[in-house]
Amino acid sequence: MGQKLRVAVLGATGYSGLELTRILLRHPRVERPALLRRPNTASAADSEKSDSNLADIFPALYGNGGYPMEPFSWTSLKHNGVDLLFLATPHEVSRELVPQAAAQGMRVIDLSGAWRLKQAKHRTIYNFPDDESVTAAEVTEKAVYGLPELNADKLAGASVVANPGCYATTIILALAPIVRAQLANLDKGIVADAKSGVSGAGKKPTSRTHFVSVADNLSAYSVFAHRHLGEIAEQLQIDADDITFTPHLLPIPRGILSTIYVQFNRPMQAAEVQDCYQSFYRSKPFVRVFSSPRLPEIQFSLNTNYCDLGFCLAPDGRRLVIVSCEDNLIKGAAGQAVQNMNVMHGWQEEEGLL
Amino acid sequence: MGQKLRVAVLGATGYSGLELTRILLRHPRVERPALLRRPNTASAADSEKSDSNLADIFPALYGNGGYPMEPFSWTSLKHNGVDLLFLATPHEVSRELVPQAAAQGMRVIDLSGAWRLKQAKHRTIYNFPDDESVTAAEVTEKAVYGLPELNADKLAGASVVANPGCYATTIILALAPIVRAQLANLDKGIVADAKSGVSGAGKKPTSRTHFVSVADNLSAYSVFAHRHLGEIAEQLQIDADDITFTPHLLPIPRGILSTIYVQFNRPMQAAEVQDCYQSFYRSKPFVRVFSSPRLPEIQFSLNTNYCDLGFCLAPDGRRLVIVSCEDNLIKGAAGQAVQNMNVMHGWQEEEGLL
Amino acid sequence: MGQKLRVAVLGATGYSGLELTRILLRHPRVERPALLRRPNTASAADSEKSDSNLADIFPALYGNGGYPMEPFSWTSLKHNGVDLLFLATPHEVSRELVPQAAAQGMRVIDLSGAWRLKQAKHRTIYNFPDDESVTAAEVTEKAVYGLPELNADKLAGASVVANPGCYATTIILALAPIVRAQLANLDKGIVADAKSGVSGAGKKPTSRTHFVSVADNLSAYSVFAHRHLGEIAEQLQIDADDITFTPHLLPIPRGILSTIYVQFNRPMQAAEVQDCYQSFYRSKPFVRVFSSPRLPEIQFSLNTNYCDLGFCLAPDGRRLVIVSCEDNLIKGAAGQAVQNMNVMHGWQEEEGLL
Amino acid sequence: MGQKLRVAVLGATGYSGLELTRILLRHPRVERPALLRRPNTASAADSEKSDSNLADIFPALYGNGGYPMEPFSWTSLKHNGVDLLFLATPHEVSRELVPQAAAQGMRVIDLSGAWRLKQAKHRTIYNFPDDESVTAAEVTEKAVYGLPELNADKLAGASVVANPGCYATTIILALAPIVRAQLANLDKGIVADAKSGVSGAGKKPTSRTHFVSVADNLSAYSVFAHRHLGEIAEQLQIDADDITFTPHLLPIPRGILSTIYVQFNRPMQAAEVQDCYQSFYRSKPFVRVFSSPRLPEIQFSLNTNYCDLGFCLAPDGRRLVIVSCEDNLIKGAAGQAVQNMNVMHGWQEEEGLL
């Protein structure tokens, strides 16, 4: 198997970072990852200095000597021969660190939304203070949107990988076969009604993530104003107004189910649609296409890197309902990041992910 | 206040029947309701003979001498001077009993789907064996769809009230102001993505209602094939193909949130939409219209008879997302039945419901 | 019915305060309560100044013109003829305000732990800075522990009522009949294993109340160190070391179930035990004694002011397991406060609580 | 690594059987397990004939060609060279099949309670119709109680392994260090207050496992009458009356937390107790002893084979509260079965379990 890859994780104390660490610890091709404490960046002064061991934050990791965390510095990363840096950090932090990584010649997989968007109009929602800078333009150009099912060819040589958003993954994978085959009647509009578990809202305690606010409840939020809309439109090469995307907060810890409504240009047969999906994802190990009218549920893909797709066609042959499920922390974040690493290095796409 | 109304409940052992009993027990205008054991009808031989007291089934009712159940018979109902019969029974049972009630001259409010549909094409999904009979045609004609916000005038003299479906209530109330004002572009299609708590699936234990199947999960079901679609189309006077309705099973005991997507014929202002809703529901005590962009959540209407409505308008002014919430056992069933009773008798609509 | 009582609530923005407000709004003997914004006390500078309407904090209260909040001042309370003040405030705040109320001659029901303990050794866990003061001694002496089932006679003339802790209520009510009849072998030790829903931990968002921390979990906390231990011991007149009390955090919004283990001095018959409980609580409307071996569950008492008791006796006749349930926000807080108000004023104990 | 072991699983369609199948599929020392359909035994005529593929029952297994199930027969098991049979079957079925396996010379690990108890008085609760038979006596004698932390030496040569009950595992492991060191004052009585997720109640839908019955609830059951009491007493070599064991049903899918109360013969120091636990479990990879007063929670051991132990000592040094957690389907069932297999074959105890 040769030399193992040396990797480091910044942000292991968040939900995605923890999952990422767990997957990397089991991955046969990488060394035990270095876990880094967040630096004092301009945008994020609330460093994690006091956390000396990941097991203190996540007692599920108790035992085995623990998981000591190290201070972050480019010098020590270089000194330790780290080949690949994972950023599981807020987008403000990633916005600062990715250009530094590029300048250091270090490959990076960024789980935040900092570098996913190519078009300036879609980035306005983030209000990046550096968006006009030359460096930002350079990094934006070289960053590859890390959805391996669509962009595997660009990932091989990538130095900056922008890992997709959790909602965006379920929606793009559900729509790509239909939209790329130009079967969708965009004039009628697409609806993506998405529901996510609470880990998607992050680990910070807020009144919104308080147990009493979430339990026995369901709520819609960020209607017409969610950050993932831009990446969905860009990857599907459609206008953002052609799709209405509504996220909801589910009373479960993890998992996403997106129900997607699209209309066809002409009446279709269920078998045609089935074929369209199955041929599109034939050699893609992490997309499971269910046989219509069987539909995936959130439980089926929990704790896996699968995105599960199923659909029902209306009797009129013109309206399609697609159900798309994933574990938001795995296929929607950490697992996909590792899948990207695998593709970048020419390894088997499933390595360390089954 | 005069003489109190004598009422009876058949089906108090189900979730809706229990809520109905609780509300009637507090209602200032009705006598303590007679609780009836289900008869041995042709369609439902699994009678509830063994249940002698409702508190044995629902220990939350423990104390106060209990709630004894009586055998069902038309003779004894007449003998006891019962004025109004509530049926919280499966639709097969209601299909048999409502014509009998009509023949006896007894007013009835039926919580099932047995008599909600006027158009034969919408009834095919129920496969009623008696659908061609003269009696069925007569009862169908006289039955009033018991959504008091739309049909208050017909309720006054009604002898048979078909209480609406839980999903249908949230969707019809959300769409009526827009559709009746002919603002909706039906050609673009309407989407109603609805999510319900498990009590909506009934009390019978099945693998689908097992805690382990529901918890930490979300699933879509009956896509393009749910029974409530017909009543939605009939009440909105639209074609059933103009609306795509997808129900989902939420990991919560009760409550419904429907997210509804409609496109306008012309660009609208948020204030126009707000005004459309507020004027439509001005004198309707059980519809709360939220000020956009504030949206209702399931928790807000739990244990109340409210249907809560809120909306967001797209920046393009053409796409509207409406969020509609209710407690499926109250406004979606038992509370609405009592509201119908109030309107039928000319009492205050809120009587016993606040 | 005569003149209605004028009451005010300080702390309506907390979970207990909200429940209290809801109950008082329905209470036939009190005026619509004044809702007060918390003052800038020395100990609690995070006043609720910005909250002008309770419906903004709890949108479930939407409609009906809202629930405006007023600034707190003794002058305006007096001016408005307020007869009784409810404090649903942190114990530090109550520690400051109750002596002021006493000085003003205003009766007060305090839901916090500030004035529940008579014995100095039990109060050390609170670290009250004023515990040695003359005023504190005076208020401590006059404060009545507001468990109406045990202390109804003292409540009639009380000017300061210390409303019991939620856990303490379930445990004291479960043990009082046995302990007062001197049936318990205290030398063997009593165990109270208690489990509470998350609302008991308060509304403040913390990592402990984050949905992802609580869901799919159970945890014990404050073992041998919970504040309610002292009031349990005092009310049962036993040594605190005679009882081991362990609270747990349940993944539910509300409700407490305490499982209590006690050994008898001599072998008993189940019928004797049943009789002991039933005669003790014969005229107590809010304690429901289940017939052994039937046991209460948390659901049975939710949204009610009941404390439900059930028990199982070991075949050896010496070991008793008692199960005690309540809604922590009602019988464990707001409902009990109103029950205390009813008893203080010589009204029916159930007034406004059924 | 040599030849892999050939194993078969009967009962893969249950929750424990599914977990077992998943673990065996990943185990480096065993062939892909044969999945057997349940035979028509006298006691269990409801065979699983119709289930041809495990993925039809658990769609989470979708893909990878599925998991076909084979009819059960001793002939075909022998023919296929199966070395070890796992029974994840009801105890009635295991009671019939284990003697047959013994007669065939096939080693078996039985996950049911059929063969755990040595003493006739503890078996009466099961009402085994064959309990007086010679065969039953023989199998009982040779069956090893498969708790590897206590019985590793007997497992090596075992032909019949009775896998422990889920509750029993948490309680025995929590108490063994104290009881074996004769530190416990048994005269004062031990209390084990245990709480389990719903998967412990099995997959069969009942009114007790209905989502609406479990959610927002907690209930105690089988007080003084749970089947696991006998095995706890036997393994700890104490009298069953020395321990009071109360199970509760938690509103979570999986996981057990047992809170255990024991009194010491003499005052102890926390360090002594810590030392007692740590030395007892020093070389046991699947028991994690937390440093007092840190306590385990259910989440920490979910999806692992760990039993987590933590404790708090009373200030008086005489009362100990132990908290013991596990995943009931893993350390409480399937994982422990695989751990037993590992120990039986002299493999590393952790093989396939990390």
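General observations
All chains are identified by letter, namely A, B, C and D, in their written order; residue positions are counted from 1 within each chain.
We adopt the following convention: a contact is a pair of C-beta atoms (placed from the backbone, for glycine too) under 8 Å apart; a residue touches a chain by one contact, two chains touch by 3 or more.
Note that the structure is predicted; figures quoted are calculated from it, not measured.
Think of each touching pair as a link: the shortest run of links from chain A to chain C has 1 of them. Chain centre most remote from that of chain B: D (centre = mean of CA atoms). Each of A-B and A-D has its own count of C-beta contacts, and the greater count is at A-B. Taking the mean of the C-alpha atoms as each chain's centre, chain A and chain B sit 40 Å apart. Mean C-alpha position of chain A lies 38 Å from that of chain D. Annotation for chain A: residues touching 2 or more other chains are 213, 215-216, 251-254, 297, 299, 302.
Contacts from chain D toward chain C in the complex involve residues 188-189, 191, 193, 195, 213, 215-221, 223-224, 241, 244, 246, 248, 250-255, 257, 259, 261, 263, 293, 295, 297-299, 302, 312-316, 319, 321, 323. Chain B meets chain C in the complex at residues 59-60, 62-63, 215-216, 288, 290, 294, 296-297, 299-304, 306, 308. Interface of chain D with chain B (complex): residues 15, 198-199, 203, 205-207, 209-216, 251-254.
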